[in-house]
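See the structures that follow.
Both complexes shown next keep chain A, but they swap its partner, so chain B is in the first and chain C is in the second.
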Partner chain A sequence: MAMSPFFTLLRRDITLALREGGAIGTALGFYLIVIAMLPLGLGPDLNLLSRIAPGLLWIALLLSALLSLGRMFETDHEDGSLELLAIGGTPLELVAAAKALAHWLTTGIPLALLAPLLGILLNLDLSAYGVLVLTMLVGTPAISFLGAIGAALTLRARRGGLLLALLILPLYVPTLIYGIQAISGALLAGQSFWPSFLILAALSLGSLVLGPLAAAAALRIQLQ
Partner chain B sequence: MRLTAENLSIRRGNRLVIDGLSFAADSGEVLLLTGPNGAGKTTLLRAIAGFLPLESGNTTLHGGDTEREIGEQSHYVGHANGIKSSLTAAENLEFWCAYLGGSATRTHRRDRVYGALDRLRLAALEDIPAAYLSAGQKRRLGLGRLLVADRPLWLLDEPTVSLDAASVALLAGIVEEHLSGGGLVLAATHIPLGLGSARELRLGGSPAASPGPSDSMIMEETGFNTGLPSVDQSRQGQEK
Partner chain C sequence: MTNQSITQKLANPTRFMSLSGAILPWLAGLAVAVIVFGLYRGWTAPPDYQQGETIRIMYIHVPAAWLAMLGYALVAISSFGLLVFRHPLADVSAKAAAPIGAAFTLLALVTGSLWGKPMWGTYWVWDARLTSVLMLFFLYLGLMALRSSIEEETLAAKLTAVLALVGVIILPFIKISVEGLSVPWLGLEIPAWNTLHQPSSVFRSDGPKIHASQLYPLLYCALGFTLLFFALHMKGMRNEILRRRVKALRIAEVDRARAAEAAAPAE
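So, the complex of A and B:
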């Protein structure tokens, strides 16, 4: 069966991520370490931990996902693949979208699925587990697709990792706010879950469109 | 099919690397770009592929697909090989074959990939991750792209780097075959490819002594105006 270039590229990137394993392992390991250290720093106040758990889990997830963002285009740029992908006949926007999607599938989803497990360390309210995973699965595409912009912009910058964080973390603020808002909406009486959740979904859908466009524009400059 | 460049100028930083260059190449022809380091060979190839913006002038591929950019009708072989070290040799070529639309069906694709590996004397290494290949083997694997997807224009930037003599002859054979099939090749090279009918486009100028854009650039083209093939391959050896 013939596969479109988009899915060919997506499949290659997922294969590479699974085979090399470093990016996924680092992100998951970092997430685990950060969350495991928080109770040590904050003290054994279970009520406090329980109250701030969703926020901590979200913020740590953003930071963990950032770790592997820098590699999104870097390896392809180093080995010359990026140039060939650019003149392969597939629009650069689709190339960027395929790579961002591969990043979400191999980083965003594993992190979101690990989150409830780490919630145990923070005494996360039992009723929050489902909502937490749901909001993370819906919110994390924005991390990968907005992150693609930063990854493309900092492609040739030496030590671009910190610059990438400075550029991209502010863009994650809306996702963070509405992700937390949706969770507390589901848990607390008198607040509603759906408005925040739908805005969270809208942010992800918007980034699905804008991320690849901006990333492709940045990549064109980087290829010069 | 005919590739023409008219009054091409390309700027890199403050320096006008290519200034007012015109040339043309027809189907079945190979144009060798020669000149000292920094003469703009890579710059010219990258501009034709569409990576670099043109300061002035234009490039046209007559008889090509008008819907697509020249780059999208070209194979570009640059300094890097475009190879993933954790994929096997066969997987690397299969990816490029599928991505570049080399063939529609999976079986046909496999045939092309294994044909190319055979031809490049890499058949015994097909299941080995590319990380374990030598520099020359990686180069050959990178050149395998030329065989697994059909593109009329080949832009080769130092294609013979790290190839042994036998592999250079192999490459020359592949290029000849592409030419006889109506293809077009632009190659920047320091060493003779061993091609009989190569015309030479010499890019000149000494970058060390060119402070500004107003600097005079020497562009001379041999064998072009006469229409006769220039087999003056000894000139390529005059590398500084």
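So, the complex of A and C:
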């Protein structure tokens, strides 16, 4: 059965992420640990935790997703398969898009689905669970696709992992702000959910275009 | 030769060196003179009826904030020139502009915070404008960090240029998400991020109302600091060209020594 190179690559990357173990587990474990540490640092006041829970869950999710971003092109670069992909018939933009999509499917979605469970630890309001998962599912593609730019840029850099965080976190500011705004818009009276939510979706769609283009440009420069 | 544009003529580093060498002393001298004049006018201007003497911080703060943005624009244009036109001096310009722009961004943040202490009672508030300038500062840091962490210089130059262009695309979104956006004729109204926490009482929506006695010193200072920016940028570019020449000479010297060493046993 012939599959397009895009889906072949996507399936390969998902299979690798699942079988390699560690990758998904580490991100989820990191998410759990960070959220569990926060009440220890902030104090066990449940009212306070409940109020700031959406923000904490979003920020911890960003950090957890960053952990596995650095691996997006690294292993393929080390064993030379990235160069084969570059000289193959598939445009490098599609290769980058497939890898970013695989990252979202294996990191963004699991983290977003774990978030409500961790919300229990922070006394998150029950009515917020649905909105929280919805905004995270819609917002996390931006994390993977903008992250692909950072992963491509730092491929041959020294201390790539830390550098990646420095480069990419400022780019996540709009996603973070509108993700939180959509949640508070849905919970608080007198504020609206849809405008922020739609901007959040637009940011993800925009990053779907920008991410692969910029990542492929960065990869091409390094593979010459 | 006569059909060449100015940018093409300047592409020759030697020509750039001789031309900038002739211009730089005048540019630097003019910058100092205008800044001194502007600061003197600012010093002798009457204090503000509301803000008192702290208004004088504005004469440094506003030019610094303006140059923070100009600096990024210059980095972005230079990056575009490198990636698209492969202009030989584009990367030299981008590399020289980044730290200068970052320094002015930091200056804007520091002077703003010094002004904030007497006026707002605190050095830092998560005001929309402060936050977006802070994010601009982070982008500058990212550019410099990426360049310094890649050993091969041409590779570092191109990758930094890609990041600078990505930053240009995302910077408006960061700014809008933090400061809000209002386009009345489109019916578009995006509220600022911090209005949830504290209403803006300092930045009036009816635009800055500024008296001529304060406006003119401000304009002189803005002109002076802009001249200073370009003088520093030109000096930075010259230093970078010289550094590259020294490096090329060193490598040539090492190659020559190696060749001599390899030839020696045969004698």
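Note that the second predicted complex is superposed on the first by the 224 of 224 C-alpha atoms of A that agree within 3 Å, B and C clash if a C-alpha of one lies under 4 Å from a C-alpha of the other, contacts with A are read in each partner's own complex, and residues count from 1 in each chain.
In the analysis below, contacts are C-beta pairs under 8 Å (C-beta built on N, C-alpha and C of every residue); 3 or more make two chains touch, one makes a residue touch a chain.
Keep in mind that this is a model prediction, so the values were computed, not measured.
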{"item": "Chain B versus chain C as contact partner of A:Leu203, first or second or both or neither", "value": "second"}
{"item": "Touching partner for A:Arg158 - first (chain B), second (chain C), both, neither", "value": "second"}
{"item": "Partner chain in contact with A:Leu16 - chain B first, chain C second, else both or neither", "value": "first"}
{"item": "Touch list for chain A against partner chain C, complex", "value": "146, 149, 153-154, 156-160, 163, 166-167, 169-171, 173-174, 177-178, 181, 184, 195, 199, 203, 206, 210, 214, 217-218, 221-222"}
{"item": "Chain B to chain A touching residues, read off their complex", "value": "49-53, 68-69, 71-72, 74, 76, 78-87, 91, 95-96, 98-101, 104-106, 142, 145"}
{"item": "Complex interface listing, chain C residues touching chain A", "value": "83, 135, 138-139, 141-142, 145-146, 149-152, 155, 158-159, 162-163, 165-167, 169-170, 173-174, 176-178, 190, 193, 196"}
{"item": "Interfacial residue positions of chain A with respect to chain B in the complex", "value": "1-3, 5, 8-9, 12, 15-16, 19-20, 75, 78-81, 83-90, 223-224"}
